[in-house]
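In what follows, chain A forms one complex with chain B and a second complex with chain C.
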Partner chain A sequence: MVHMCTIVPISLTVGANRIVPTVAIPHPLGNPELPFEDEKALRRRLVSKALHALSTEVDGQKVFED
Partner chain B sequence: MQLKLGQINITDIQFGSETKVEKGVLYVNKEQVLAAVADERLTNISLELAKPGESVRILPVKDVIEPRLKIEGNGGVFPGFINKVDMVGSGTTLVLRGAAVVTTGSIVGFQEGIIDMSGPGADYSPFSKLNNLVIVCEAPEGLSQHEHEAAVRMVGYKAAACLAEAAAEAKVDSWEEYRHLNLYEGMKKYPELPRVAYVYMLQTQGLLHDTYVYGVDAKKILPTLMSPTEMMDGAIVSGNCVSACDKNTTYHHLNNPIIKDLYERHGKDLNFVGVIITNENVTLADKQRSSNFTAKLADMLGLDGAIVSQEGFGNPDTDLIMNCTKLEKLGIKTVIVTDEYAGRDGASQSLADADPLADATVTGGNANEVITLPAMDKVIGNTKSADIIAGGFDGSLAKDGSITVEIQAITGATNELGFNTLTTREI
Partner chain C sequence: MSKFRVVHYINQYFGQIGGEEKANIPPSCKEGPVGPGMAFKAALGEEAEIVATIICGDSWFAENIDEAKATVVKMIAQHKPDLVITGPAFNAGRYGTACGAVAEAVSQELNVPVISGMYPENPGAEMFRRFALIVETGDNAAAMRKAVPAMGKLALKVLHGEPLGTPKEEGYISRGIRQNYFAEERGSKRSVNMLVAKLNGEEYHTEYPMPHFDRVEPNPAVADITKAKIALVTSGGIVPKGNPDHIESSSASKYGKYDIEGVTDLTPDTHQTAHGGYDPVYANKDADRVLPVDVLRELEKEGKIGSLHRYYYATVGNGTAVANAKRYAEEIAAELKSDGVDAVILTST
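On to the complex of A and B.
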């Protein structure tokens, strides 16, 4: 399982093992301030990162930083 | 900095031909207040009274504001909104103690609150003990939530300022005096006493969870230092119309009990160095930056101890824990003040975040506890809101007019400044 979330410390507290940091609490997987195409690229990047995390073996908790 | 607060005790509120205080009665001239608060963004504004012991329910409550008037010294109350952005916190300010303005009307957002003036619900809100001028604001369809919130917020401040004018001619019942020494004076005067500051976390998540400091949206600030007397003149106001039980209304900001208690101990067993205000923003980087700055300021002040209060719940638990752990790691003994969402049976984890360094906690109670509020003879505001306020659920409002909700729906119930009487205990 991958937990995509903005506030990583909470994710760590609740015990997620694959954590992908996201944008902001009201819009974790997007950024309304970006132009449409840029936001689409951002979203694709985050989902790709999550898929990468999902296919990575982990030993305990791991935060997938950039 | 020195501030004198003149308390004028208000024991009753009535409508009258002029706005004045006479023998403890606050008379309110309706037309005068309505003229003062007029706002073209709102379709209708009306006034009601709600007094302690009456069979009256107010919902959905947005803000509660104490009327205060500055009569001597720099600036005026609510700088950046009602008065210019001059620095406040010194001179003389009059307080209509026992009176408040409560804003209600059509709901702006999920999580607005309830105040019952009698019955079991009254015990859960400190505002049931006040003589309230309730302002019912109706917004037109299509007005954005943010415009709606801003309009109602200004109506509240303006009404409080209008009532406060009556203080000028009233007899002062008692005086309180608060003096804030600068760092050098404080150190020289109390070299032996532990240096303690108050870290005042302000709700700034946006989406109707906002707080303003001298008119500035506090999500845009870096943590900064303030004199505790500035709050008493309304330098910090609430734009947070949600999270009823544990938000800080403007009334709370004016009457912060942590500041009051630190003053009581100041010069006796501690040296109250000042207030660090910080925010609760919605990105991790913001949380890290703000807690870093909070810890840096605490370090620069050479603190021995700190009290940190939270506003709201959920992700601000992370701001709270970051502030606490960073202070503790500097060797500054830290107490946090929060509340809990431990489930209706109290058995769940209370906070979303935790750390072993947070080993001294004061709690304002468990917001998930369920209560049934019996029907009242009169409802001011909008009863249908019961189903969509936080802690309410579909069917909260029964046919007989009673409401079954979690106490998180009650304004001020689990306040995280210790402004209420609830707490929890382990069993």
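On to the complex of A and C.
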């Protein structure tokens, strides 16, 4: 499992092992200020990062920064 | 004044029937105190007496839990108790669970207070602490000498209707109940005092302990993500338009399971958020911002993932009780496993 969330300290506290930081609480996987296509590209980058996290061995908790 | 009536629940071992070989005996009832009940008799003195003792084998209870609870509660009710004592169970898991389950049934069905005793790590303590005053004991029966007077004292206090102090003052395991009171100093002063004490290396007590969270070993990496079946789960409250399961906007009591077969994009007409803890405008306009169905469909089409699982699961993570969240997770995980899902993307707001 990979946890995609904005407030990484909470994710660390509750014990997620693979964590991908996201954009903002009300729109973790989007940014309404961007034009639609750019926003979707951003979402795709984040989801791809989550897929990369799922494909990566981890030893304890790991935050997948850029 | 007549004595208060107490019924005592114990297992086959403390009931002097036998050890593990007798753990499968069904409940039975004896008049008066048995085993540790004799010590309770002394601790309760002239004010209260154990009128009956219910004895049940730990395995029988665990394997027939509904019948066991019903039978034991019926036996207890026949003796019209003012209070019920279960255990103490120390760190015996099955016994602690039985003591807790009896406490739950007695407090809920008979509305009679229950005193128990357990080692804090006994699973029965965590599961049933809401239903009884569980005195913190040592981890084995050698602690009986300390446990019985402490439980007896608390029992008399409850019987007399005296106000209870905090769990720490009274020596019982927190039931998770918050009680209002007027503090002498305002919150800001109290918290600064705590901080100063902490900086000075002095003892201080938090007024709001954090719940205890599990730690789990990380799962191995997905060997080939292009073959993996991936499921989406969210605590961000994304539901089909109209919130058909009426998931609450806070303190959610349930989760939903929703079919997204053939769905390539979440739109304002099809999906919304039920979450009451963040500004819903952005998610209601485009729920993909919380639950990225659109890009996962693209990645599926391009062969970058094996497939997107047909169902997604959603609840509202806003003031949700940890115990509830844990139960949802257990149920959801079991279904995902039996559906052959290889990996999960969990999104939170």
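Basically, the second predicted complex is superposed on the first by the 66 of 66 C-alpha atoms of A that agree within 3 Å, B and C clash if a C-alpha of one lies under 4 Å from a C-alpha of the other, contacts with A are read in each partner's own complex, and residues count from 1 in each chain.
One rule holds in what follows: a contact is a pair of C-beta atoms (placed from the backbone, for glycine too) under 8 Å apart; a residue touches a chain by one contact, two chains touch by 3 or more.
Because the structure is a prediction, the values reported are computed rather than measured.
Visitor: Will chain C clash with chain B on chain A after the two structures are superposed, or do they fit?
Guide: These partners clash in the superposed model.
Visitor: Identify the partner contact of A:Thr13: answer first if only chain B is touched, second if only chain C is, both if each is, neither if none is.
Guide: In the superposition, A:Thr13 touches chain B and chain C alike.
Visitor: By residue count, is chain A touched more by chain B or by chain C?
Guide: Chain A has more residues touched by C than by the other partner.
Visitor: Using the touch definition from the top, say if A:Ile25 reaches chain B (first), chain C (second), both or neither.
Guide: Both: A:Ile25 reaches chain B and chain C.
Visitor: Does the superposition put A:Arg44 against chain B (first), chain C (second), both, or neither?
Guide: second
Visitor: Which residues form the common part of the chain A surface touched by chain B and by chain C?
Guide: Shared contact residues on chain A (touching chain B in one complex, chain C in the other): 6-7, 10, 13-14, 25-26.
Visitor: Tell me, which parts of chain A touch chain C in their complex?
Guide: Residue list for chain A touching chain C: 1-7, 10-11, 13-18, 22, 25-30, 32, 39-40, 43-44, 46-48, 50-51, 54-61.
Visitor: Where on chain A does chain B make contact in their complex?
Guide: On the chain A side, the touching residues are 6-10, 13-14, 21, 23-26.
Visitor: Which bits of chain C are touching chain A when the two form their complex?
Guide: It comes out as residues 210, 213-222, 225, 228, 230, 236, 278-283, 285-286, 288-292, 294-296, 298-299, 304-305, 343-349.
Visitor: Which residues of chain B touch chain A once you look at their complex with the stated criterion?
Guide: Touch list, chain B to chain A: 205-207, 282-284, 287, 315, 317-318, 321-322, 352-354.
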